[in-house]
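Below you'll find the structure, written out as structure tokens, and then a few comments.
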Amino acid sequence: MTHASPISATIDFDHDGVRHGFLKLPHSHDGSAWGSIMIPITVARNGDGPTALLTGANHGDEYEGPLALFDLARSIGDQDFTGRVIIVPLMNTPAFHAARRTSPIDGRNLNRVFPGDAAGTVTEKIADYFQRVLLPMADYVLDFHSGGKTLDFVPFCASHVLDDKANQDRCAAAMKAFNAPYSVTLLEVDNVGMYDTAAEEMGKVFISTELGGGGTARAETVAVARKGVRNLLKHAGILDGPLEEAATIHLDMPDGRCFVEATSVGLLEFCVELGDAVTAGQCVARIHDVHRTGGEPTEYHSQLDGIFIGRHFPGLIAMGDIVAVIAVPT
Amino acid sequence: MTHASPISATIDFDHDGVRHGFLKLPHSHDGSAWGSIMIPITVARNGDGPTALLTGANHGDEYEGPLALFDLARSIGDQDFTGRVIIVPLMNTPAFHAARRTSPIDGRNLNRVFPGDAAGTVTEKIADYFQRVLLPMADYVLDFHSGGKTLDFVPFCASHVLDDKANQDRCAAAMKAFNAPYSVTLLEVDNVGMYDTAAEEMGKVFISTELGGGGTARAETVAVARKGVRNLLKHAGILDGPLEEAATIHLDMPDGRCFVEATSVGLLEFCVELGDAVTAGQCVARIHDVHRTGGEPTEYHSQLDGIFIGRHFPGLIAMGDIVAVIAVPT
Amino acid sequence: MTHASPISATIDFDHDGVRHGFLKLPHSHDGSAWGSIMIPITVARNGDGPTALLTGANHGDEYEGPLALFDLARSIGDQDFTGRVIIVPLMNTPAFHAARRTSPIDGRNLNRVFPGDAAGTVTEKIADYFQRVLLPMADYVLDFHSGGKTLDFVPFCASHVLDDKANQDRCAAAMKAFNAPYSVTLLEVDNVGMYDTAAEEMGKVFISTELGGGGTARAETVAVARKGVRNLLKHAGILDGPLEEAATIHLDMPDGRCFVEATSVGLLEFCVELGDAVTAGQCVARIHDVHRTGGEPTEYHSQLDGIFIGRHFPGLIAMGDIVAVIAVPT
Amino acid sequence: MTHASPISATIDFDHDGVRHGFLKLPHSHDGSAWGSIMIPITVARNGDGPTALLTGANHGDEYEGPLALFDLARSIGDQDFTGRVIIVPLMNTPAFHAARRTSPIDGRNLNRVFPGDAAGTVTEKIADYFQRVLLPMADYVLDFHSGGKTLDFVPFCASHVLDDKANQDRCAAAMKAFNAPYSVTLLEVDNVGMYDTAAEEMGKVFISTELGGGGTARAETVAVARKGVRNLLKHAGILDGPLEEAATIHLDMPDGRCFVEATSVGLLEFCVELGDAVTAGQCVARIHDVHRTGGEPTEYHSQLDGIFIGRHFPGLIAMGDIVAVIAVPT
Amino acid sequence: MTHASPISATIDFDHDGVRHGFLKLPHSHDGSAWGSIMIPITVARNGDGPTALLTGANHGDEYEGPLALFDLARSIGDQDFTGRVIIVPLMNTPAFHAARRTSPIDGRNLNRVFPGDAAGTVTEKIADYFQRVLLPMADYVLDFHSGGKTLDFVPFCASHVLDDKANQDRCAAAMKAFNAPYSVTLLEVDNVGMYDTAAEEMGKVFISTELGGGGTARAETVAVARKGVRNLLKHAGILDGPLEEAATIHLDMPDGRCFVEATSVGLLEFCVELGDAVTAGQCVARIHDVHRTGGEPTEYHSQLDGIFIGRHFPGLIAMGDIVAVIAVPT
Amino acid sequence: MTHASPISATIDFDHDGVRHGFLKLPHSHDGSAWGSIMIPITVARNGDGPTALLTGANHGDEYEGPLALFDLARSIGDQDFTGRVIIVPLMNTPAFHAARRTSPIDGRNLNRVFPGDAAGTVTEKIADYFQRVLLPMADYVLDFHSGGKTLDFVPFCASHVLDDKANQDRCAAAMKAFNAPYSVTLLEVDNVGMYDTAAEEMGKVFISTELGGGGTARAETVAVARKGVRNLLKHAGILDGPLEEAATIHLDMPDGRCFVEATSVGLLEFCVELGDAVTAGQCVARIHDVHRTGGEPTEYHSQLDGIFIGRHFPGLIAMGDIVAVIAVPT
């Protein structure tokens, strides 16, 4: 049996104008028997044209997307545009308020529960609403990510290798238009349950980003996000004017050798900075035993020639954590 | 009544050689009725000469100091040195293991409980041991700090304005020798209970640092820490050889106008990057309401012409938090 | 595959007499590898006749029902009765002991997990036992509710609008017999997973109540519960004697306008008392910003002419919470 | 050694006009190394005259006071007044935001830590600031209380039996002017550490209240608070105009027999309503064992003829909790 | 749709030699967005022959198995053996590190979630990997258990009554070979979701143990585990040499009368020691009310003549907990 | 300023007869604003004679003492006795209910806060009441201990080496009368804040015990406790009749070599059983690294010839924990 979504929008999607409102998700809990989660949303429409669906805080501790999107929601009405822009700056609102990757309510990672479940947990209900209501409305889909509290990245826009090569090209073109400092063709190791996959399987033009991390945002990475979303809307024909373009470095991630993994625990030291070129066999990081002084740290080496584009962020690290990510210029 | 410290060192401080051991602090708790906290320590001595006392993780989520000091502890025996080096990389060991600023055992901030109390809480006992046992042994004292999980700084070494101008000059000379990218003369707003004050009141040559932050360490900031501690030991005459010197920018913090404070809550956006020059009245940050789209953010402005040297790190901010720190070139 | 219920009753349901015992639900957990949840139950039977199934603490922080039912369990043997009375004063025993709406074990709301699952979580196992074992035994079903810690209501008995109009009439007659100060015909907004729906779909005569709230009970509301259950048993022919009758006010809840919802956060002030008549447009509550003095509160208005029958109880309120419930006299 | 208070006011107390600002208390913690607690304050002054110090949320889960004081802070400037009114609606701001009686930071009860300690915990620092800065400024002191989440009271204003009979009379006159439905002369069982005692020992005219409870506020109890504070300001000569007067019932609490205490645990049932007259020996409450059905509850009896003015609020009760409070009409 | 297991082994199962490595289970969580759970594994193979699969810490607070298996993994290469031994000392690694029966990640009991789910929770993924990858490789399966923190047992090896009598005999022979001080034929009350059942349904020779408990290990019980696993490998023909044999006591558990259950709460006292013979009706334990002195404890009696083989371990006990287990000599 | 104790006894100490009651300690907290901690106490008096003060659960997870004392409280009235027996089975009642060594309210270890503080925390108030009210009444003081959840001991009675040799002899005689299987002359490493010291400094005849551990009790250790307390009362002349005597082994603990300490973390294995004789240099325990298979465990050796009398109980161990205690036969 398929349930209707329990989520209702307080604004409509179909009339011209700019409306600020909420996606309201009823949530009965110990703190409020008759409470609701209120997910802020802005819908801006002006005549016929393509629809762009723009999201931030799919993971609640990633901030460049929400910053760019709160700004766009406030300013979109001041600009000439054609078609429709749907802005959800805080896709996983409970996770965002908790400053956590996952939801504090059900512990779920929104980006691993698609297609969701209208009768499931809070996070599954959000996924279901995007799957069945919002994604079908969209032509272009941009989902902002950053590294969150435990990862840090050079700022990049990403598209995927897809079975549908025509759509893969459309997505790659959108990534190029976004024009982040780095552009990465990702082959996801595990794409089951991702919003990305849900959008791509519907044939939408989908791009995502990794724009820094550490659970913070910097002026420069926010500027990348703002320029990128403007460029995407221009690329889609929703905004007018030429793209704002600067150099971007194209990178591939060929296989699992991109990932350097920790097999020891302790205090993490990097020997290179994000963006540095590294060579296969080069020591990129060391892990120090913290129980006593006088011992030798364990060294971790790159398995590829490439660029150091991502890293574990916290000062301490556990066995099995990804230490470093190396990508290969194309 | 003055109690003896319950802390005992498993190694002695007085004979030549390099010894790795522990400061053992008995701690009876629900998880181990007869347990102890084991604080790693290295003592290296070679003949008569000055004593340097080097500490990291006074706050448990600051990593450049521990990284530089674990390395020094391992390598000091490979070098020619004269005098004595006492290395405690994890001054607040329980806080370090918890990746927290404060102790998970008593919630205390080690840098606000000096002179400590031998009959007090765990953190007070650690402070007391430094106050009554280790500081009296030292001529030079270096206490490594970084911003921790909630602050981020340009990398700087610091000394204080002291009533004892002769010692102030000695400390400033040590700071100059440390040779971080920035050198800051701090006038602490509240120095009650600080390790700094305890050392300075004994007439020790004392310097501290802020070398980044966010609860992580970068290759560059660790390099600053390593070079700085070598330079200090050379300055003290413990290591031989010329200082490794590069440019440093000298800064003052004249008064409370250095601090930009939040009077609203929400999502924090910076308009400038750490190290940027700012002018009085310039907007340095904005705070966005996260409950709904469509509103205007609150702007925060510098009150001084200067350099943007420190900032709130997390993406969310509360009322009363320091947003930004501006220092003035001398 | 359908599992048998893991719950076993320590008493039998079929012989004459009054028996006090337990529903035993095995529960292996960190605190007891071989533990069980013991749900108190009383079964009273005297010859042939209808069966009434009486429950309290479906939500664990609602107290009028348990108080009335512990009393009835103790005293039923002193009275003449015909047929069978099954009394479960603490339907969600773990939630009751935790003084929580939902189960502390699995976080589930018992009144949203029907028909339950014999192989599921603890709460789902309880629902399954009622669905497959107890409800089929019953002719009359009374489930006591109150507002719990986060809601407060005028004391009312409720029945639902049902597709089966004959049963709707039987339920309405039972509600009338219960004779609470208010009698409300509810059209549930979301009845998926409710015990109510499970009972009604089996064609049982089902009534429920809301008898105050706030996580407490008052002498007056307990008196309503006691009289109501006696009246229901008389109405069912299980107890002899005339109904104890007083005036009741009949109310309808026509649509979503009955609910006033919060779109701001802060300190909640009501302008009317429960039971007051209100008119459409009247300010019923205000929410004050608590971050600073000097601002204007947000006002909330009734959307209907009616009676103020329910409210948010705690002094603080979040966005999306129901502020007030207005019902319409019939 | 006496420390200066670390708390600073962002507004001044001495010039004419109405100013809204904060008491800023620096608080370095794991969530913000350089954070502050911001306690909202309003100071209204108009020429020379007496000073009234008005406070709410001494306990953080009591709401009538904050509601009346946020209103007064907003509206005081619209009225003619003489002298000075200092309004701190959220005396224990951290406790208020946590909806707790005690501070979530140090677990302390603000009303038991006077005279406080400038070098102590957060709660002790607040007490110290009232003790040494605000109380000395005041002539009249009103501290609003209600029952909080675990007690409920008939609405009353209270003054104490004092050694200084002249001040006792002044306080009693202020209580009379406040004109709550009940006026109670309290002989505190344990007044060590109370704000009341601190104010009274300085010879201030001090009154407090208990205006309901349960962790909520009702329209009627808020009206009592609003009228009471207006009456007090009139009584003090700060506001003009006649007192708004209604009947009040005067009560005494002669000795420990006023308190009925629980010596069993379980489910609490009251046999009388707040405000009811009771006689010595009358059963006022019963406690039911919740582990099984079929047992007899324990009865609790009044030890005095009097009025039932206060009660345990939650549905469950523990050994040693006060069940009921009985006061005696004078 | 069947997913592939997300778990990968870092070592291969098929070549001769002894390899130490990990089962790597990707786990994205708030503490590490790109983390993995690393389950230690040793595979030792020498030519063709039977495969034994040996596991400990199915429940994370049971220690004899892990101790015996870490030893065997270290020493197996020093011995002559034929065939293959697969050793997983910490089957539920997250539970083991947390010293808990159940997983701290999802709260699940690994021994109740078979056959698991490759797309489920962490614990379900582990079960699925054993179900679909490791169990099919095995001929002999030994799963070490002890009582954990909340139960204590005489040391015994166990096999089950099976529908497949030929396999039941093979299992009983393996149990006999293990040669613990006690050998128990278990008729599991509830075997749904158990690893035991999964192995037995595949026709594997399966035995398990209970070797003490209380969340600790003793020298004697570890010796039982070490001897038992050597004996099993000899029985299977993997190790050479004669069995190390001592006396064992054979026991049956005929029905539910084996279990003495608590129907009261409080302080638990045993009247007999583990291993004592008891008679039907004998008092084996008493539970004391802890709220007051002067009352009589509740007595608990054996329902059978037999041996007292298992008990509740903690000093406090709740309603529904198993107090004692009595088995019957055969 | 010395405060009066806030604790009151509900029974008197001075009249003949057996009375069961409470020590009532007012405790205002978030769960009950007007609550009290109720510490059960029994006072039995019959004419003039010495006073014995008997306590259990000084640490809340030690059970032999409470079991013996609840029994004695119930049965003392059935026996002939002379003088007075004061029985407090649950000295730290909050810790006992939480099954914790330390208080869940303030985290304090009752046996380290003497002489306590009437204006301090809950645990300090309890200590103060014993220090100033109960100890002065006593001639003989017996404080029952066991190992608790994290230690395990052979059952012994203990007395201390005291400066007052006459009292040391009286205490040793009482220990001998108690007649546990082992009798240990303890030289406490750190006796600051102990109840023992408080009693001894008043010149009382004081003995304590360690009767097993692990957070449980066994029939045999409870029997030791029961016999011991009877013997002490006979020794004191309060009960009549001959001592019940069996062999006891006298042991000394000469110095810190009695303690074997962990300098590594992991899985703990013992090579000897409690009560075994060991020789200096013998391996008594091993600690296994749990992160991977294949490594060598760290061995721990006895530093003395003696008896293995105490051990770490949990299966996992941390650096700094005591592994084993070795005492020397006298």
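Letters are used for the chains, namely A, B, C, D, E and F, taken in the order the chains are written, and counting of residues starts over at 1 for each.
Definition applied: a residue touches a chain if its C-beta (ideal position, glycine included) is under 8 Å from a C-beta of that chain, and two chains touch if they have at least 3 such contacts.
All of these numbers come straight from a predicted model, not from anything done at the bench.
Listed by label, the chains touching chain D and chain F alike are B, E. With every chain reduced to the mean of its CA atoms, the largest distance from chain E is reached by D.
On a Cα centroid basis, the chain most remote from chain A in this structure is F.
When the C-beta pairs in contact are tallied for B-D and for D-E, the bigger tally goes to B-D. Chain F has its Cα centroid 58 Å from the Cα centroid of chain A. Between chain E and chain F, the centres computed from C-alpha atoms are 35 Å apart. Shown for chain C are the residues that touch two or more other chains, namely 22, 38, 291, 319. In this structure, the chains touch in the following pairs: A-B, A-C, A-E, A-F, B-C, B-D, B-F, C-D, C-E, D-E, D-F, E-F. Contacts from chain A toward chain C in the complex involve residues 3, 6, 22, 24, 26-38, 119. Residues 59, 100-102, 109, 112, 147-151, 190, 192, 259, 261, 263, 312, 318-322 of chain E are the ones that touch chain C when the two sit in their complex. Considering their complex, residues 20, 22, 38, 40-42, 61, 63, 66-67, 70, 73-74, 87, 89-90, 96-97, 99, 152, 214-220, 222, 267-273, 288, 290-297, 313-316 of chain E touch chain F.
Within the complex formed with chain A, the residues of chain F that make contact are 264-265, 291, 319.
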